[in-house]
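One chain, chain A, appears in both complexes that follow, with chain B as partner in the first and chain C in the second.
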Partner chain A sequence: MTMASPNCWRCLARPSQRLLVPTSIAGPSTTAAFTTSAARFAGERKEAGGNPLSRHIRSGKKLILGKKRHKGDKSSGKSVGEGERKAFRKRITLSNNNALDVPGLDEITAENMTDQAAVGQVMGIPEEVIDQLRIVEAFKPTQQWGLFRRPHMLIRRETVDFVKAMTETVARKGTFRSVVTGPRGSGKSMLGLQALCAGFLNKYVVINIPEAQDIVNAHTEYATIPNTNMFSQPVYLIKLMQDMYATNKEVLSKQQVGLDHMHLPISVPRGWSLAQLASATKEPEFAWPVFQALWKELLLPGRPPIMFSLDGLSHIMRPSDYRSPSFELIHSHDLSLIRLFVDALGGKTHFANGASIVGIMTKGNSLKIKSLEKALEQAAAAQAGLKIPPRDPFYSKYDEKVFESLKGVGIFEVNGVSKAEARALMEYWAASGILRMRIDEKNVSERWTLAGNGVLGEMERASLFPLRL
Partner chain B sequence: MSALRHSFRCLREFRPASGPQWPSATTALAYRTRTSSPSTSRYLSTTTPRPAILGDDIHADKDIAIVPASRDTPGKNEHSSSGGNGAIQIAYARAVPHSPSYFSRQPIFNDSFVVIQDLARKYGRLPILPKDKVALTAWKTKEQYRLAAGEHVKGRDYATCMTLAKRLNQIHPDLKPDEVKEGLAPFMRDINYHKNRPKIVPVDRFGRSHGVGRRKSSVARAWVVEGNGEVLVNGKPLSEAFGRIHDRESAVWALKSTDRLDKYNVWGLVEGGGTTGQAEAMALAVAKALCTHEPALKNPLRRAGCITRDPRRVERKKHGHVKARKMPTWVKR
Partner chain C sequence: MPFVLGVNFHEKKLVKKALESFYALGPQTSARIMAKYCIHPLAKLGTLPAKTVTSLTAELSTMTIENDARRLVQENIKRLRDMGTYRGRRHAMGLPVRGQRTRNQISTARKLNVLERGGGDRVRNS
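Here is the complex of A and B:
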């Protein structure tokens, strides 16, 4: 119905502007372009005297018809190194100097994250929390942080509800166990990021597994744990402990080691702080015992609350890609770190100081796991006080471990934002200079509908993707 | 041929109301026995005018061209004067078609045209209605008439005929003779589509209106209710139902183009076809349902392209082609 624009979307020059540029000043040397490389590249290829701004500069391949192929063009540039492309793809850019600064926005604090009055406001993340979140990899490459001057977040109703429930439970030394679900692109990972943010601001000991897929797809090393039928992932554990040290140093360094860890391969004197314990080893062999010791220390009464979060819950609810020595697939729950998480999520671990255990579902990259679906359905029914739906009697492959791990969790459903929240967000986009349209009720409502009743990821897609270069 | 020649008009009286063009076999045999008779006269002359009185007799004994001698009609006597003593008098020396237009290229049209011309002359003085007061009539177009009659009617002739026919149709309906109605019938379509009235689907007691739209091989049903812009397609939000943003815009284009996107909720069911077809079928369905709520939007919606069904379908594959039009690759041997 709508016609596609005849002009190149990504071309920075407007077609009308290009027509208006007088040829005398349109040379590439005199024009200060947004980025000069493309214009220069276009100028080099063109014959002399042409106006390089008069043609569209499209990214991607150029179709060359006819028999004459320029085979000599390959000369420029060296080949891409190993892993470079992936690094480029996975890079996290948190600022963009070309975007406009949006003045007058508040910063997130522990208080206003639980304040109903903050709903529908866009707030900045404090600098120190940005660093912590970056270390625990809470920012995802799929999120559009790189379009803005500095990271800001929309505080939506779900955020306040979730963070409020979390902090209140933890404040009375309870365990907040929750699974965040919702449709694709609805902001589940963003809610996880906001929860982590609240954790850091409330001085919890924050442990984050940013991508559960990474620890079950057999891409990191694993080792048997003697005298058990479990497996540890030493390299990943060391990285996790280093992250813990870097992000929770302030909290951990105030806590002294309280147990005597006789069985540990390294000596841990009583005078050590937990921060020292967290950074005590870089030896893969000692990783699991040291991590276990740290975990035991954290469970002692009088310690700060723990926040343990995992993104991509469905990946750990099935057999992993690892193989046991007898070449059988290892269930994800037999990996020690995941066992630690699911025990905490399922309520088997007792937290004396309060804890927040958050599992975040993923929909974009997820598998259909019947046990998980049924377990979540039952948990949601139990939460709502409805009759618990029975299992399918004709399906024999239900995974008991999954049901164990999700016993009694709270289900937190994330859906689209309200129109008021959508408007706040679009106003922020417009103020940042990346959404060039009037933000009125009509336009907001249009985007809101096109985004499937306010699904945030889809709103971004509809509004910002033409800009993603 | 602006008008038929006078002789044709005279011949018209011989045409029976209905029946085969040729006499039956028995009469034909009888006719053969009489061929040697010297007194037969040519009746199919297009030059000699014939007395019109003859017609009544021919009509009376339908398709039999053999006339008994006992008849003493003055006209008959005049023609069969030589064979007065025979048992059976035969009017014609050879088989004669019932329609004098038989040997023309367009007998059916010519006959109808003659009727129209005569009626026009006969009833030219009856009071007529002004053109805008005449009930809408579905006339056959030239092509449709050609198809129906199986004759290649010339455009100019047909136009002349239609001018007369339309003039006849203007006669005041209370005074219009049955003859005129019968005469005009061959030029009218079987179904007067002007009398078609769209079935009005009202807004039901829940405030819903229903519309159906089709595109390619997709069929969409949409229920539109006043609301705040929520859309569910097959129970899913728009973003899950259609991956492409273009398709999502298409699906709610009826609302978007009329600035009604935040005033209605849509609940749709689509099946068949692909995503584009489903989205554009939704557009038509929503537009129809929206028209029930606000009939004044029909014209803006038509301009937005949401009323007219796109009739294009997948073109069929042809033999000798790889697809509908693609030809196999040329191979030297």
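Here is the complex of A and C:
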């Protein structure tokens, strides 16, 4: 053990020597290098009372032992307001002025989304569609929009195939029912966003449930629906109707109310437009009847096609966290909004004007649900014309409701992108000034391989993660 | 400021917390009451319609909670003591009742084993 020294351990020079060390270089310096030490020294000397001998005593930090703290010790930071943390966590930034503008890129239109020539191109989202997509919460906080000057998307082969199949089916007034699956980070939600984009561009009535988990995990109000064994979620429905009004106003305001809604608690005259009906109520009690009326109106012949999309399909394929008055768990399909979606997806609802019902699976945040897996397997086999795999005879907990809801759906598998598409995307990143590397055959190939044969989420992680804010 | 069973709560208080602040009403019972009136677990008192708040009060007033429940416990202890049982005596002395050693670690018994178990009337801040 050594004796406690009166001097600082770091300054091993003798005190007398230290006096000789000049505190600053006299005279103006010839070069103006970037440094912060002058300002730092100035502050230190003031705190130390101007005594150069005691400069080694670091001010500002003091160890306080014991339970009692003085009032002055409390950090003077402002407390975070209600909802601020969540708002910060969920914020969507769609532009970045520091990123370079990439000139010469086309904008997405209804036509070029179904054009095979557009495959492998990066295209911008039109301004008005950006607003609509933002309102329906199609942009996710986990996506990297905030790194670029303007939102652009890679049009991949799957996009064109999906959107083409969708628009063609809807154009002949059919119902396009599809479930998008694929490994984690492969761009399922992105494909959903592109489908929504196509829906807006083709003037469908777009209804989007951005996160299915939010409506089944018992975080929003629920209420019984009289004379049924179903439950409505009034607060969520009102928000959904407001979103519908804000995004589909142009389409809905051209349509007149065509039915007598005698049972509604509010009076709906025939002269009203559907937009007025969508914005008719803010009362939680009336939310479900009004939404139901709006849905019935939309199903009448001669209306625009409907696009109903839901992200996080696996969350609604199990009992929800809500409890019925008899304290039993409510199955997600007994929540009225989800029932509406599931009936549409399972083909029980007849759409006279064509419709696109899209359920998007989630892999990052989902449970293993055996019924869902088996139902998807069977649907995929039926689609491919193969022998339908039977259920496991030793598993008794298969959920009939899940099989009902996925009867005859199309399965759309999303996997990694091709190398050409990966190259287009990396060139866009490089042109935005975000990826600082040569985009050549070798580098693209390397990233593509590292990302599990072009899984886009992994490619982003490898390339953009260091820049994420 | 919603009143539930004569107690004034803040609007931002969780319904679950408000219910569980009553003596002899725990997580099980509160979950059942909330399910009965279709109140989701994260609901706050301010968001409930006035109708539901009154029916909650009506529901609570039929239950054995608060002073009724306290009296029940206290009567049980009193009965033991009046009979002159060992358990009654241990209660009166504030010592462990069920044969635990008393050399150390009896603070729970000191806290709980009193004749006036459960304290007097409710004192709390909403």
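Points worth noting:
Please note the rule applied: the second predicted complex is superposed on the first by the 393 of 469 C-alpha atoms of A that agree within 3 Å, B and C clash if a C-alpha of one lies under 4 Å from a C-alpha of the other, contacts with A are read in each partner's own complex, and residues count from 1 in each chain.
The working rule: a residue touches a chain if its C-beta (ideal position, glycine included) is under 8 Å from a C-beta of that chain, and two chains touch if they have at least 3 such contacts.
All values reported here derive from a predicted model rather than from experimental measurement.
Shared-chain residue A:Asp260: touches no atom of chain B or chain C.
Of the two partner chains placed by superposition, only chain B is touched by A:Gly416; chain C is not.
Once the two complexes are overlaid on the shared chain, A:Glu458 sits against chain B while remaining clear of chain C. Set side by side, chain B and chain C differ in how many residues of chain A they touch, and the one touching more is B. By the document's definition of touching, of the two partners only chain C reaches A:Pro325; chain B does not. Once the two complexes are laid over each other on the shared chain, residue contacts for A:Asp440 go to neither chain B nor chain C. Applying the stated contact rule after C-alpha superposition, one finds that A:Trp448 touches chain B and leaves chain C untouched.
Within chain A, no residue touches chain B in one complex and chain C in the other.
For chain C in complex with chain A, the residues that touch the partner chain are 31-32, 34-38, 40-43, 47. Residues 228-231, 237-240, 245-246, 248-250, 252-253, 256-257, 259, 261-262, 280, 283, 304-305 of chain B touch chain A in their complex. For chain A in complex with chain B, the residues that touch the partner chain are 1-2, 183-185, 416, 419, 441-442, 445-446, 448-453, 455, 458, 461-462. Here chain A touches chain C in the complex through residues 218-224, 231, 321-327, going by the rule given at the top.
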